[in-house]
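Chain lettering (A, B, C and D) follows the sequence in which the chains are written, and residue indices restart at 1 in each chain.
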Amino acid sequence: MKERVSFENDYNTGCHPRILEALSATNDERTTGYGLDPYCDEARGLIRDMCGAPHADVHFLVGGTQVNLVIAAGALKPWQGVISAETGHINVHESGAIEATGHKVLAIPSKDGLLSADAIDQFCRLYADDPTAEHVVQPGMIYISQTTELGTVYCLDDLQAIRQAADRWGLTLFVDGARLASALAIRKTAIDLPALARLADVFSIGGTKCGALFGEAVVIAKESLKQDFRSLMKQRGGLLAKGRLLGLQFRELFRDHLYEEIGRHENEMAAVLASRFREHGFEFYAPTVSNQLFVLMSESEEAMFREKAVFERINIQPDGRRTCRFVTSYATKMAEIDTLFAL
Amino acid sequence: MKERVSFENDYNTGCHPRILEALSATNDERTTGYGLDPYCDEARGLIRDMCGAPHADVHFLVGGTQVNLVIAAGALKPWQGVISAETGHINVHESGAIEATGHKVLAIPSKDGLLSADAIDQFCRLYADDPTAEHVVQPGMIYISQTTELGTVYCLDDLQAIRQAADRWGLTLFVDGARLASALAIRKTAIDLPALARLADVFSIGGTKCGALFGEAVVIAKESLKQDFRSLMKQRGGLLAKGRLLGLQFRELFRDHLYEEIGRHENEMAAVLASRFREHGFEFYAPTVSNQLFVLMSESEEAMFREKAVFERINIQPDGRRTCRFVTSYATKMAEIDTLFAL
Amino acid sequence: MKERVSFENDYNTGCHPRILEALSATNDERTTGYGLDPYCDEARGLIRDMCGAPHADVHFLVGGTQVNLVIAAGALKPWQGVISAETGHINVHESGAIEATGHKVLAIPSKDGLLSADAIDQFCRLYADDPTAEHVVQPGMIYISQTTELGTVYCLDDLQAIRQAADRWGLTLFVDGARLASALAIRKTAIDLPALARLADVFSIGGTKCGALFGEAVVIAKESLKQDFRSLMKQRGGLLAKGRLLGLQFRELFRDHLYEEIGRHENEMAAVLASRFREHGFEFYAPTVSNQLFVLMSESEEAMFREKAVFERINIQPDGRRTCRFVTSYATKMAEIDTLFAL
Amino acid sequence: MKERVSFENDYNTGCHPRILEALSATNDERTTGYGLDPYCDEARGLIRDMCGAPHADVHFLVGGTQVNLVIAAGALKPWQGVISAETGHINVHESGAIEATGHKVLAIPSKDGLLSADAIDQFCRLYADDPTAEHVVQPGMIYISQTTELGTVYCLDDLQAIRQAADRWGLTLFVDGARLASALAIRKTAIDLPALARLADVFSIGGTKCGALFGEAVVIAKESLKQDFRSLMKQRGGLLAKGRLLGLQFRELFRDHLYEEIGRHENEMAAVLASRFREHGFEFYAPTVSNQLFVLMSESEEAMFREKAVFERINIQPDGRRTCRFVTSYATKMAEIDTLFAL
């Protein structure tokens, strides 16, 4: 096990050295708790600046499920649900965290993990035209993630169309950015932080999967969501006592373009990895644009790769091929890729 | 409006005359509240007898959504969900009542509203084999209804197979009998009350849609569900102060075969109605076996029928035809059917 | 048991004869479900008229706990709680119905079951001044009941002061009128329906304990509470399929002053009962103004009365005396009181 | 601000140097996520050993509110509540986290933050004897903390008596050990880890306030609580992706007696601080045995100390004196105390 390289996920290491340094350098300082310290303030300022959103509220939470459940709890009326791609993280991999807040996930079929404005329109039109709508869960929010669970990305046109759909139907638009570093590094999407801050009502900026020890920043543009958000965080166990740890990390990520650098590195490593797989004749389950690759391989091929590397198997296709996920991170090294493909 | 006949649903009138009589005859009596009166005791005894289940617990609630949400709240661990046909009432027509108790509805595609043991097995096997199962909502209960939302029924073989699936995967089996009178009157299912009491962990006996003013009986076979069920009912607003009203109604329904008689009448009227539609060349969206008919008709045909009758439109088919629902009840008269088809 | 008279509660019989008549007379009519029928419309109109509140929303639910939990779910933000007297029904006798919606009951000591504006102010000031307020449950609503759990009543001055406190602290004011008939019949309170509609954001008009078979009307003045209230009712199991049963009953209660008449009768019987107890030297646990009396008696006195009557014991006082509750209803007869005090 | 010393709380710094070292030393290693790594396994083993509880389940969560809400969600039936001292953290300082899981906190008056077996017995007896118990929230768990919110501690006799009360009434016993390091260092309590593991059904071992960057270990002795606990953690946002960070910290805390050493240091510093206050004539709001001191001081005295130090004011006494909290941590230095009392 020890000798195998790991492409298991982007949270299999500690953190980027610069973050560790920042934590060490400030370890003895005394600050007040719960995110009311100068480091959090500084990080909030940096994020607002980067987003071109001086009036946005910025909060820091420890993990992604926390982010999703706190936002669902805050944004939805009791009788509302949240629209998500069937493959969406909240629909499949959070042990029912959204339902535990009392809300239904309204799962919509999607292609490559991407929700389309058309599919949203169709769903909402059915609801609106339903004479029994009072007895049906009302859509209240749209949840998308950038990048998606399948490593794909929305482009600016897609996001603008979804924003319009949200406006058309009176829905809050939430973008889960657990892997936002990788997404932002894909220039062709034309979605940068200011675009997100302008188009989404609320979005998260992932730290855990983007080089931090842990932590997600939440950027709230919508006024009604801002109210008492810290109390809601506290109630759901999402307010870290030593909140400055989060502030420190995000200050570091958003100084000197570290967050961009990490995203770029992840994607470069993934691109190399993808080309290697392609060279060996492998096909992919989903387009390879970000730091997650979904490689289709036979049982014996999977076994062969497992001797050299740790990775997840997502599912088995009807044709018997395995969908295996390879993920790169800030820490992925070219040597690891070489090891994987060394005879 | 006044002159139109109504096939809108089976809760569009008051109640069977015998029930009204029973309420009138006892109106001045003094009894204790919350279902602890002699009438509830008598009705509980009658139901236990009819079910051949002397150790079952029997409770009375006012409505079906109450029944479903209280049972979900009582039967499921916080991290569990309930398996239901995609068309199941809890999945589509209860405004998210199950989710409001914190549990996900695990919706499975079905044919004619019927969940199969195979589909349940397939779903549970996927869950059990999933290496990320800890992050996925765990199935904890199976919800089926007899009759289904589409008026179809399970036969004894089906139910036995589902029971076995429930045992195989450690799931509670709950049968929603909101329209059980109609279902029980279909002899070919071979499912009678003792079969239900033997195979289901918990099931309901519908009153509201079966001739009562209101009320559903819940029959609990499973020991672990019995504990403090009345406290749970109270907490969810399901414990009627004048509980005897429920006891009185169920005593009446289960004396002298009234419940059977009502089911039989509903089905006979529906059979006549179905044959009339068939004679006129109409097709059906689902098999016509119980008191709900789903007739496919063109826009102009729908408009024509609307001049004479009140009924619901369920959906519009891809070919443009409307699926229109016609429901019979204890009160449906042959003359109403004649009116509908009178030129 | 049979021969004992009952002062156990005000829901120990069926309903006022006029209501039974109305149900009988309309039993065969066909109407649409879920409270969208003409009888509900008519009852809503009558209630709006009686309240002088043409813009109020009026809904009908089956029971009081349902009313309380639906309003809490609709009015409170996830991080808010509801202020109640320690003796309030929601705090002590609903099996945690409010907490099951996710909200804390903020219980405040009270005198004779009455919450004072001063006590509310003091509680809210403590909250507002608390530097850790973000970590404390925020008050969001005031719950009072008229009459209270101890049979006492608020006067117009009290209610106005509480309204001002609600405004001062930004709280929704909810008045639980489960026993409103009795309360309205106490003229000296100077609180009539228009006063309630003007001062409360939302209040209920009890049917169950005021002569109906069952049912509570909810009158909503506050705009933000009106939105999708029917969906919320449905989700919590509070939307009756045969909704017209509720409409019919409230139409009857609010035609020809039946509701007033019932309240007056209850209070007159209670006044007679109270004077008899007084004549025999009994003292009371709380002022005797409405249809609930809380009589203090020794163990042997309690035993003696139990031979003749059914009633509840509320608690045992430090001095050993029992607090026994005697309740009158629309159906209480002078002869029953005579029986109670017959040697 | 910069120059003031801080006694604000025990989470105002980073972490003990040894923990920082451990994080640095392992930063580049690849491990699997969600607490399934070797470091977590090792820490679990160490804790089981220290507790003499080879069959206990051990989990790691990030924060104390998470711990409390996850345990409440897992241990309580829907209709049950948790008994706590009125001053208990779950009752006053978690923004309603317990209620958000659907459960009532059953607050009982306490002396110095300590719940007594007698008070528990009295509360449960009232419940058991209440003829309306079905309508009352049923006690299901006892929550105590060691040390308490007021810095006081239970002794072995107290805990044994509470265990017996728990057994008498069928309650789960949960000990919140957010500040357990300080508590364990108080030898006279005679409560060590094996005693806790033997007497409590579940308890937590605090990291955040005991020298870690963050993290709480949960030790589960009771079988029924063990089932699917990780799914519940995930659902409530309490399963850290880089779970090894928690394992690493607890491995460090429980190697070479670091946890003990930290607790001892905290208490020694607090003892010095207390004696200095005493020398200056100050009295205390609660006994001074652990790392939290509650000093009573006048307005001017408070102002004077605020010039030199950061600390919290808890409340204002009826006599006008302020209750000010001074907390020591692993990082507190004698020099800081000297600074505080330097003229």
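We take it that a residue touches a chain if its C-beta (ideal position, glycine included) is under 8 Å from a C-beta of that chain, and two chains touch if they have at least 3 such contacts.
Given the structure is predicted, the values throughout are model-derived calculations rather than measurements.
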More contacts between chains, A-B or B-D: A-B
Angle (degrees, nearest 5) of the CA superposition of subunit A onto subunit D: 180
Whole-Å gap between the CA centroids of subunit B and subunit C: 33
Gap in Å, rounded to a whole number, between the CA centres of subunit D and subunit B: 49
Mean-CA-position distance for subunit B and subunit A (Å): 42
Numbers and ranges of subunit C residues touching at least 2 other chains: 78-79, 94-96, 100-102, 134-135, 138, 231-232, 234-235
Touching residues (chain side subunit D, partner subunit C) in the complex: 78-79, 81, 92-96, 99-105, 131-132, 134-138, 312-313
Subunit C-facing residues of subunit B, complex: 5-6, 8-9, 11-15, 17, 20, 23-24, 26-33, 62-66, 69-70, 94-97, 100, 208-209, 213-214, 231-232, 234-242, 245, 310, 331
Contacting residues of subunit A [partner subunit C, same complex]: 34, 73-74, 77-79, 101-102, 134-135, 138, 227-228, 230-232, 234-235
